[in-house]
Structures are given as C-alpha cells and as structure tokens.
Amino acid sequence: MEATLNLAIANLTSPMILFFALGLAAALARSDLVVPEAIAKGLSLYLMMAIGFKGGASVAQHGVDATLLLSLLAGILLSALIPVLAFNALRLTTGLKTVDAAAIAAHYGSISIVTFLAMTTAIEGLGIAYEGYMVAVAAAMETPAIIVALWLVFRGKGEKSAGAEQTGSQFSPGLMREVLLNGSVVVLVGAFIIGMITGDDGLQSIAPFIVAPFKGVLCLFLLDMGLIAGRGLIGGARNLTAPIIAFGIYMPLIGGTLGLLAGAAIGLSTGGIALMTTLAASASYIAVPAAMRLALPEAQPAIYLTLSLGVTFPFNLTVGIPLYVAFSQMIA
Amino acid sequence: MKTFTKKRIDIMVEAPLLNRLIDLLERQEVGGYTVVPAIAGKGTSGTWHRDGQVGRVGAVVQIFCIVDESRVDAILKPIFEMVAKQIGIVTVSDVEVIRPENF
Amino acid sequence: MKTFTKKRIDIMVEAPLLNRLIDLLERQEVGGYTVVPAIAGKGTSGTWHRDGQVGRVGAVVQIFCIVDESRVDAILKPIFEMVAKQIGIVTVSDVEVIRPENF
Amino acid sequence: MKTFTKKRIDIMVEAPLLNRLIDLLERQEVGGYTVVPAIAGKGTSGTWHRDGQVGRVGAVVQIFCIVDESRVDAILKPIFEMVAKQIGIVTVSDVEVIRPENF
Amino acid sequence: MEATLNLAIANLTSPMILFFALGLAAALARSDLVVPEAIAKGLSLYLMMAIGFKGGASVAQHGVDATLLLSLLAGILLSALIPVLAFNALRLTTGLKTVDAAAIAAHYGSISIVTFLAMTTAIEGLGIAYEGYMVAVAAAMETPAIIVALWLVFRGKGEKSAGAEQTGSQFSPGLMREVLLNGSVVVLVGAFIIGMITGDDGLQSIAPFIVAPFKGVLCLFLLDMGLIAGRGLIGGARNLTAPIIAFGIYMPLIGGTLGLLAGAAIGLSTGGIALMTTLAASASYIAVPAAMRLALPEAQPAIYLTLSLGVTFPFNLTVGIPLYVAFSQMIA
Amino acid sequence: MEATLNLAIANLTSPMILFFALGLAAALARSDLVVPEAIAKGLSLYLMMAIGFKGGASVAQHGVDATLLLSLLAGILLSALIPVLAFNALRLTTGLKTVDAAAIAAHYGSISIVTFLAMTTAIEGLGIAYEGYMVAVAAAMETPAIIVALWLVFRGKGEKSAGAEQTGSQFSPGLMREVLLNGSVVVLVGAFIIGMITGDDGLQSIAPFIVAPFKGVLCLFLLDMGLIAGRGLIGGARNLTAPIIAFGIYMPLIGGTLGLLAGAAIGLSTGGIALMTTLAASASYIAVPAAMRLALPEAQPAIYLTLSLGVTFPFNLTVGIPLYVAFSQMIA
C-alpha cells in the first residue's frame, strides 16, 4: 500500500506529469500558449520513431520468445472485446444513441500511444524491464476495435435502420486501409522493423538522438497534450453527463483489469504486464476519431473526443500509471 | 482584357473528409482545384483551432474549384450531399478568367 | 441547384487584434467565421512577412464571415471602427449558399 | 454603409516565381497585396502537395491584390504575360471596400 | 581593461554571436534564408522551458536565500522606473509624439529573454555562478513597464486629450491578463516551478534534452534573430532619426547601470549582478509590442520594433554582454 | 570484391538507408504519412549548419593544406564539364528537346547535399578521415552547372530561336544572385566560416547539438526524402522513358568516375576522394530545379525532378555510396 502511494507520488511529481499539468492549467486559465501544429506533428513523429526503433532493437538483442505471438493475439482479442463491454456499459448507464455509444466504444478498444510512452518511461525509471515487442502489440491493437464498433452499429439491422445510406454511416475497405496505413502506425512499425534489422549497433549509432533526449521531448509533447486536453474540456465539457464521465474513469479500470489478467496469463514480465494493462486501459484520440468521422459521421465528436482526451487520458496518466504498475508487480 | 465568367465553388470541410472530397472532384473531372489551410473557425458544430488538435479531427480545410457555369449544378450536387452530413459549408461565387478553356 | 445570395465579409487585420475581432463577431452573433493564414503582404502600413517576425506584431491574418445581406451593415460598422485605426482592410463580396438558415 | 466597388485579382503561381510577381506588382504601384498559402492542388500541370516537396519547385502560392476597376487592365496584362508560360492561373472578381482611397 | 577586451573578443568570436552575425549579414545581403515560423516558435518554447527548468532546479538545490524577494522587488521597480527615464529622455532629445515615446519607453522597462539567455550562456562559459531565481525576476519584469507607459500617456489628461476614445488608446484589465498569461511567460514560470518541485533528479532525467544541446539551439535561434533584426532594419531604418538611434544605445547603458547598482545593493553574486544588469539593459520585442498594438495603436510599430530589435538587441549582444560582465566583476 | 560486398551490405542495412526505404515504401503504399514542411525545412537547416560547422572546425584544426584551392577548382570544373557530357548523352540517347536536356544536365553538374551527408556519415562509420573543406567544395559546385546549362540553350542561337522572348527562357544576373544566396548555401558556407573562426572550442561547446544527434536527425530527414522520392515517382514515372531512366543510372557513374580521378589527381585522402566522387555523381533537386523554373520555364519539371530525386538519388544512396568508397580505397 505504502509502496503504491510512493509510486503515485513519484509519478505525480515527475517532470512528465507536471508538464502535462502545466499545459492543462494554462489552457484552463485561457493563456494563449500554443505548440505550433507542425512542431506537435514533428514531436509525435520523433516519439513514434524512437519508441519503435528501441522496441525493435530490444527484440533483436533478446530474441523473440514464445510469448510474442500470444501477446499479439491477446492484444487483438482485447481490442475486439473491450468495445463490446464498453458499448453495453454505455447503453445501460447513459442515454446515448447507438452510434454515439459505438463510436465511444471503438476508442476504448483501441489505444493511446502517448499513455503507452508515459508507462514505458515510468517503468524504465523504476528499473523494471519489459518486452520490446510490446510496441508491436500496441500497433496491432489500433484497428480491431474500429471493426467491432462498426459491426455493433450495423449488425442485425440490415444496413438500413441504422441509416447507412441516409445518414452516411459506412464501413468500407478503403477506411480500413486508411487506418492501417496511417502515418503514426507506419512510422512505429517501420522503425520497429528497422530496429530489429540494425539491432544494438544501429541503436548505438542513433542513440544520442532517439534515446538520450527522449524523456525531455516527451515532456514537451505532454505540455501540448495538456493544452489540448484542457481546451477540449473547456469546449466540450457541457456535452458530458455524469454517467458518461464516470464511464471515462471506470472503463479504463475494466479494460486494464482484462489487460492485466491477459498479460499475466501469457507469462509476460512485470513491465510487459504493466504495458498490456496500459494498452487495454487507454483510449484512442487520433486514429479512431478520424475513422469515426468517416464511418459514423452522425456520432458526435464533441462527446468521444472530450471523453477520451479530457477524462480518460489524464486519469490514466496520473492515477492509472502507478496503479497499473502496482498491480503488475503484485500479479507477476 | 477580355475575360470569361466562371463559377468558383468554395468548400470548407472537416479535415478527415478531404481525401474523399478530392476523389469526388476527380471523378467529376474538374479542371483543377486548390486546397487552402484555415487556422480556426466557428460554425453550427462549434469552435475549432488548428493548434489545438491531436490528429486531424476537428480541423477544417478549404478547397476551391473554378468551373464553367454549365457544370456547376452537376458538380455541386454530389459535393453538397457529401458535406451536408459532415462539418462544413459550401459557397459559390462569380469570377472571371482570361483563358476559358481550362475550366 | 437553388442557391441563396449572402454577403462574405473579408477582414485582414494585424495578428494582435485577432482575439478582439473574434470577440466582436461573437457579440454580433454571426453564424460562423473562419480564420485564414496569410504569408506576407503590403499595404499603407508597409510590408510584412510571416517568417520574419518574433512575436505576432507585424503579421496579418484574415478572417471571413458569411452573413445575410440584411445584417451586413450592423456587423460592418463595429468591425470597421475597430480595424480603421489599426493595420488592416475590410472587403465585402457576394456569395451564394445552398442552405440559407445558418447565416 | 456606403461601399465602393473594386476588383480583386487572385493569382495562383508556382512558388519560385513569387518574388518576380511581387516585383511586378510593386512596379505597377498597386496599393497593396497579400500572399496566401496553399496546401495542395491540381491543374493542367498536374498535382502537387506542400508537404511533398524538397525545395520550392512544385508548390503553388496565392497572391491577391485589390485594385480600382480603372487599373485592372493595365495590371492584368503583365501579370498574365508572366503567369501564362508558368504553372498558375489568374482570376478577377468584384469586391466592395469602405475606404476607396487606398486602392 | 585588458580582461574586458579579452571578454569582448571572446564574446564576439563565440558561435552564438557569430550565428547572429550570419543571420544579420544574410538579411542585409537579401538572401532568401528563412527559419520557418513554426520552427522559430518551437525553438523559443524549448529555450523558455530549458531556462525556466534549470532555474527552478537550481533554486531547489541551493535553497531560496533572502535576496530572492529583494531581487523580485528590485526587478519590478526597475521595470517601472526605467520607462519614466526613457520617456523623458525621448521627449527631450527627439521630436516623437507622446504615444510613440511612451510605447518605446515600455519596451526598455520590460526585458528581452534572449539577451538574458545569451548572458547566462556567456557567464556559464566563464564559470561564473548565478542565482537560479533570476529567471523569475525576468518574468516579473515583463509587465510593470507596460502599466507605467500607459499611465504616462493617460495621466492628467482625463483620458481625453491623449485621445483614448477617438484614437483607440485603451488600458484594460483584459490587456494585463493577456500580457501576464502570454505563452512565453507561462512556459518560463511553469517550467521554473516544475524545476523547483522535481529538483536535481528531475533535471538529470531530462538534462540530455534541456541542458546538453541548449547552446547549439540558442545558436540556431540567434541565426533567426539576426535575420529578423536585419530585415527589420532594412524595412524600418528610415523611421529612425539619429537621436532615436542614439537612445537605442545609451538607454541600455542607463538601464544597465541601474540594474548593476540594484544587483550590487541587494547582494547578488557576480553572475546575478550581470543578469540583473542585462535585464535592466535589454528591451522587449515580443510581449510589449503586442500589448502596444492593442493599447496604443496609434504609436508606430516601425519605430519601437526597429529600435528594440535592430539597434538595442544587437548592441547588448555584442558590446553589452562583455561590458556588463566586466562591471559586475568589478562591483561584486 | 568481398570487401565491396560487405560495404554494400553494411550500407543497405544502416538505419539511414532503411529509413529512406521506409519512406519510399510508405509513399508507394500510399500511406498518409507526412513530415510537415516546416519540420523538413528545420531539419535541413540543422543539417546544413552542422555539416558546415564541423567542416570549418576541422579546417581550423588541421590547417588548410595546398589541396584546398585545387579541390575548389576541380569542383568548379567538374560542375561545368559534367553538364556538357550529360547534355550530349541526352541528345544522343533520348528524344528530349534542347531545353529539357539542358535543364537535366544542370542538375547533374550541380550536387545533392544530402547524398554528400550520407557519404560523410558512411565513411565516418568506417573510420575513414576526410578533408573538412570538402563542404566548401560542395558549395562551390552548386552554381557553375546552371550557367553552363543556360549557355547550352542560348549559345549560337542569338537568344532567338531558343525562343528566349517568346517562351520566357532567360539568363539574368538576378537569377545568379538568387542561386548564390539561396538559404541552404548561406547557412552551409556561413557555418563553415564560423566553424573555422571558433575552431575546436566552438565545436565542443555545441557538439551535443550538432554532432551527437546528427546521424539520428539524418535518418528522420531521409525518411522524408524517401516519402518525397516515392511520391515523385508515383506522379512523374510516366514522364520517364527507358533511355532517360538509364541516364539517371549511368550518368552518376560517369560523373563519379571523373570525380574519383580528379580527387586522386589532386592528392586528396581516401575520404576526400570518396566525397569528390559523390559530389560529381550526385544530382541537385533543390537549387537547380528552382533556378530552372525561372530561367527555362518551358523545360518540364516532371522530368528533371523525378529523374534526379526518384532515380539518381536512391541509386547513389544505395548502390553508389559503397561503390564510391570501394573505388576510393583502391585508387587512394
């Protein structure tokens, strides 16, 4: 218990979380502070490249153990299962329409890569090792949730009553291609493969760029995430009812529990379990929203974006990370 | 200088839809189009700002397309159908061009 | 397609004034507006370039707003008052829209 | 509000030519101009995208210039001569301004 | 004397100053070299974050000594006093209108954070220590000058003859809020507080990002400042008469002397005195110009911006820095 | 032979080349991955600054040997001679018009700085030393090719039949100024001079910015180059006939051979010869295309850009680099 509390305090007083809080505070105080769009995209590219490469180099060094395939499979199953739970929870507890509930559900089945990055940084700081291929698991979990969520809307309704034609909802192979080949995933997976090919030599040669400054860059990026989350809350809070906000808190805990159990069942290391927990607990706010605007335009972005970015993301970052680490240490 | 009257169609649309809109314009075989950035805005769907986004959702881009008057209706119909259910607006105005053949 | 004539007000104004102009538009309860970037320009107050600024002074941004003809004068007056003493210009032009209710 | 009708000349031109075009406008002693970014586009010379360039070749920028009707032809002629042989298009439209003297 | 000359030569041949000179030369030669706006903003964000954090971490390490409050107070007083001197000097020696004189005066009471950064880099290079909280003093000096300058315009005139209503001059609480919460100040002060909370541990964890490459980033930023100063001079030089240019040279010396005396009086270290001198000597070209466009739109930006950025900034960077160090060493 | 093969494999499996391949693959798979324009320009600025500075500092350290002037001269001659060869090769083997052939020829006389950077990184990795002033040679080779190519168009035709007036072709001193003072050249040469002035001390003080992360930044930049080359190929491939593509492969070999011989003749080190070979073999895709749009607007950019960026650049990067190293080692 005390260990958990110490973890929590260490997390809350880490530069990472404090820069996020600074961004949040600046947004709520309506400061004009902005991180230019191009810089934010550049930082995100850097983070994807670094985390992917490091994961690949680590796989090259430690070899692929038997659990790699199991982890990928577990990730895909979690990504497909969580939306079903989330959808039903929303239908039971909130008055949201089918499309809105399904759109939100898709976010929670998918993942937040920044939450994943924050967790890797936290456990690295604690000296906890983890499987390098968890990066690949993260990539694999992006998409299944979207397919399941669209199925939740269209199943049994013969494509009609949900209003496919009239309302614009659509489920197209083009959409899947766009999601699978979106820039972030391509850099993440590409850098992972390059890391696997070039191994530790490659890593050493570019470590002063992708390893040494990583944590500092993440701080700057989290400052921006805080700004965006804060501004999202200012603009979108009135769209969130109490049951919806509650969902944004308990759903990561449900998802995280599933991730924790799955990670333990397939025999991941403590760090690996913590990351699997984090992936399952986190909610997307980049790939899934974009896909939802195309596939379910009648679902309200002000609800799903605000919930994922303004409620669940800060919750995972502040409360979730120490919690997931503590439980992973217990179960491992 | 002799000029020829054409129509300029201006479409503001949420960023995730841009590629589909461009595909639509290509299928309509318009002579050309230009995508123009926007920084911030407000409409019936609320307020947005470019520097306050992760990802593309929420941002709006502009695309305009100069076409012959005779083709306006044929082009406008599918555009309007696509944009109507999304975040965005469409306007049409008069412009004059010098070389009429490209539009 | 049936269209409805509206007015498009285009305002170019020095960047530090943007927030006040937006506040003004909100107070006028316009149906929407869009802020558009500019790169460089020249006017009676001299020449400017976006990549040659520290801070926002000197840069100019554009904002446009589509409104019903009946409201143009009411909206234009305070805008013009604000912009007149600053770096900036205002223009008005005709546009057609498809759904008249949002403006 | 009393307004005065002017002409707005919109030029889209490949980026390497921008400085020469600005020189030309300055020589024509226009009252002002504004350079506006574009993100992507398509025309008779093919497709381009801003984020897919090394260097400036291939990108297109916009420049517009509000002038008195009486001067349109004098200004349009050299512009058109310059742009005709390059990647680019020119359009002219009507706008109203509040203070007529600056154009 | 010889020591001072050596200092001057070392300063003029430092990469920092040479990159500034390169930018200046490129601008005057009308090269098309530009640093994209987003990159410049990103670099500036980085510099604020780094200097703020380092200052805070240093305070965490060395504790707050009695002079912190005195330094803040001295800074605020200098920021309020210098505009009065500057205003009167301008009214006596130039034919500038009240609004123009007051607008310029505001710039000289406020500060240039890049000049401050250059000074910290210079004294660090010389192995001279300084108080980490001088960053907080810098932040505190941004605003008072603006209030005093507006008072110089509106005092005794009942808001009329200066033409508040007719000409648009205005002094609003909204303006003060905008200035106080402007992005740079928020990041500077926020990072300072984060540095204080996380201390040396926090600093170590992100040092490869905010400490190691700092000087190099500053060089790149100064290249851009050189470009902007040069282009400002090309465009704005014809607005500057000889007495105005002279003011741009002697005013930093007057302000600097006051800073030097204040720093010595409150017992700052040599480095602290040099920084206080620099803050008092430097003139704003970001926060104050933006505030002036809103509060005193009839004041001509081509005068105050060109003077601050094209005359005083280069003067402080090249001549000022070694001079202020030399005097600080003498007086300490 | 085996050594060459090992070199080739090492090159093809370096992070640098693999990131380029990733970009190429992403573009061909039509992923929406982009590096924002501002970031790409910022990275390019950084690379110019770093390579220029390092070159200058190395000259300051090792002194200027007799071959500096000879190298500059050789570079200028190569830049002027190669376009003549290229022009005649194109006229003989392809049906291209005079303007198109001349425009392409200009590209091959001029240089690609990124290919140069990749070569310096490759030989540094192999522990091969090189003359720091080769950076200056690179800068000197940018322009002569343009003048020669324009002469190829206008010679003997009295400025008429080539259609100067009617078609817009023009050869103006303004153009030369623009090319000579283009941003990249100014930063490269400026940083070189600053490096020479500040020497090793200067280099040490900013090494954590310009030396340590250099290779990693180059990887990110090459990712973008891969994207751009790939998209250029998608859009422009249909403009390239087989003889034109063949030219894009054999011309770097011809140019490279000349560079190799010149480098050996003037007594450069192995690394210096490899760099001279690379400069002669590489083709411009920034400065020359921009100049061609102004001077020869009727030449088709879709041909010269696609050829230089989509064919020759990848060829040099993948096959050229190990080849040129191998031959330099033999001849040195």
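The chains carry the letters A, B, C, D, E and F, assigned in the order they are written, with residues numbered from 1 in each.
By definition in this document, contacts are C-beta pairs under 8 Å (C-beta built on N, C-alpha and C of every residue); 3 or more make two chains touch, one makes a residue touch a chain.
Everything numeric in this text was worked out from a predicted model, so none of it was measured.
> Which chains sit in contact with both members of the pair chain B and chain F?
A, D
> In this assembly, which chains make contact with chain A and also with chain C?
Joint contacts, listed by label: B, E.
> If each hop has to land on a touching chain, what is the smallest number of hops from chain D to chain F?
1
> Where centres are the averaged C-alpha coordinates, which chain has the largest centre distance to chain D?
Centroid comparison gives A as the farthest chain from chain D.
> Write down the chain pair with more C-beta contact pairs when E-F is set against C-E.
E-F
> With centres defined as the mean C-alpha position, give me the chain A-chain D separation in Å.
45
> Rounded to a whole Å, what is the gap between the Cα centroids of chain B and chain C?
The computed centroid separation for chain B versus chain C comes out at 19 Å.
> I'd like to verify one number: the distance from the centre of chain D to the centre of chain E, where each centre is the average of its C-alpha atoms, in whole angstrom.
39
> For chain B, what residues touch not just one other chain but two or more?
Residues 19, 36-37, 93-94 of chain B touch two or more partner chains.
> Among all residues of chain F, which ones touch two or more of the remaining chains?
Correct list: 32, 34-39, 42, 178, 208, 212-213.
> Which chains are in touch, pair by pair?
Applying the touch criterion to every chain pair yields A-B, A-E, A-F, B-C, B-D, C-D, C-E, D-F, E-F.
> Which residues of chain E touch chain C once you look at their complex with the stated criterion?
Its residues touching chain C are 34-37, 40, 44, 167-168, 178, 225, 227-228, 231-232, 235, 285-287, 289-290, 292-294, 297-298, 301-302, 305, 309.
> Note which residues of chain B are touching chain C in the complex, please.
10, 12, 36-44, 60, 62, 72-73, 76-77, 80, 84, 89-94
> Which residues, counting only chain E, touch chain A once they are in their complex?
Touching chain A from chain E are residues 36-39, 41-42, 45-46, 49, 53, 178, 181-183, 186-187, 190-191, 193-194, 197-198, 202, 205-210, 212-213.
> Which residues of chain F touch chain A once you look at their complex with the stated criterion?
Touching chain A from chain F are residues 13-15, 18-19, 22, 25-26, 29-39, 42, 125, 208, 212-217, 219-220, 223.
> What residues on chain D touch chain C, complex-wise?
For this pair, the touching residues of chain D are 1, 3, 6, 8, 26, 31-37, 61, 66, 93-99, 102.
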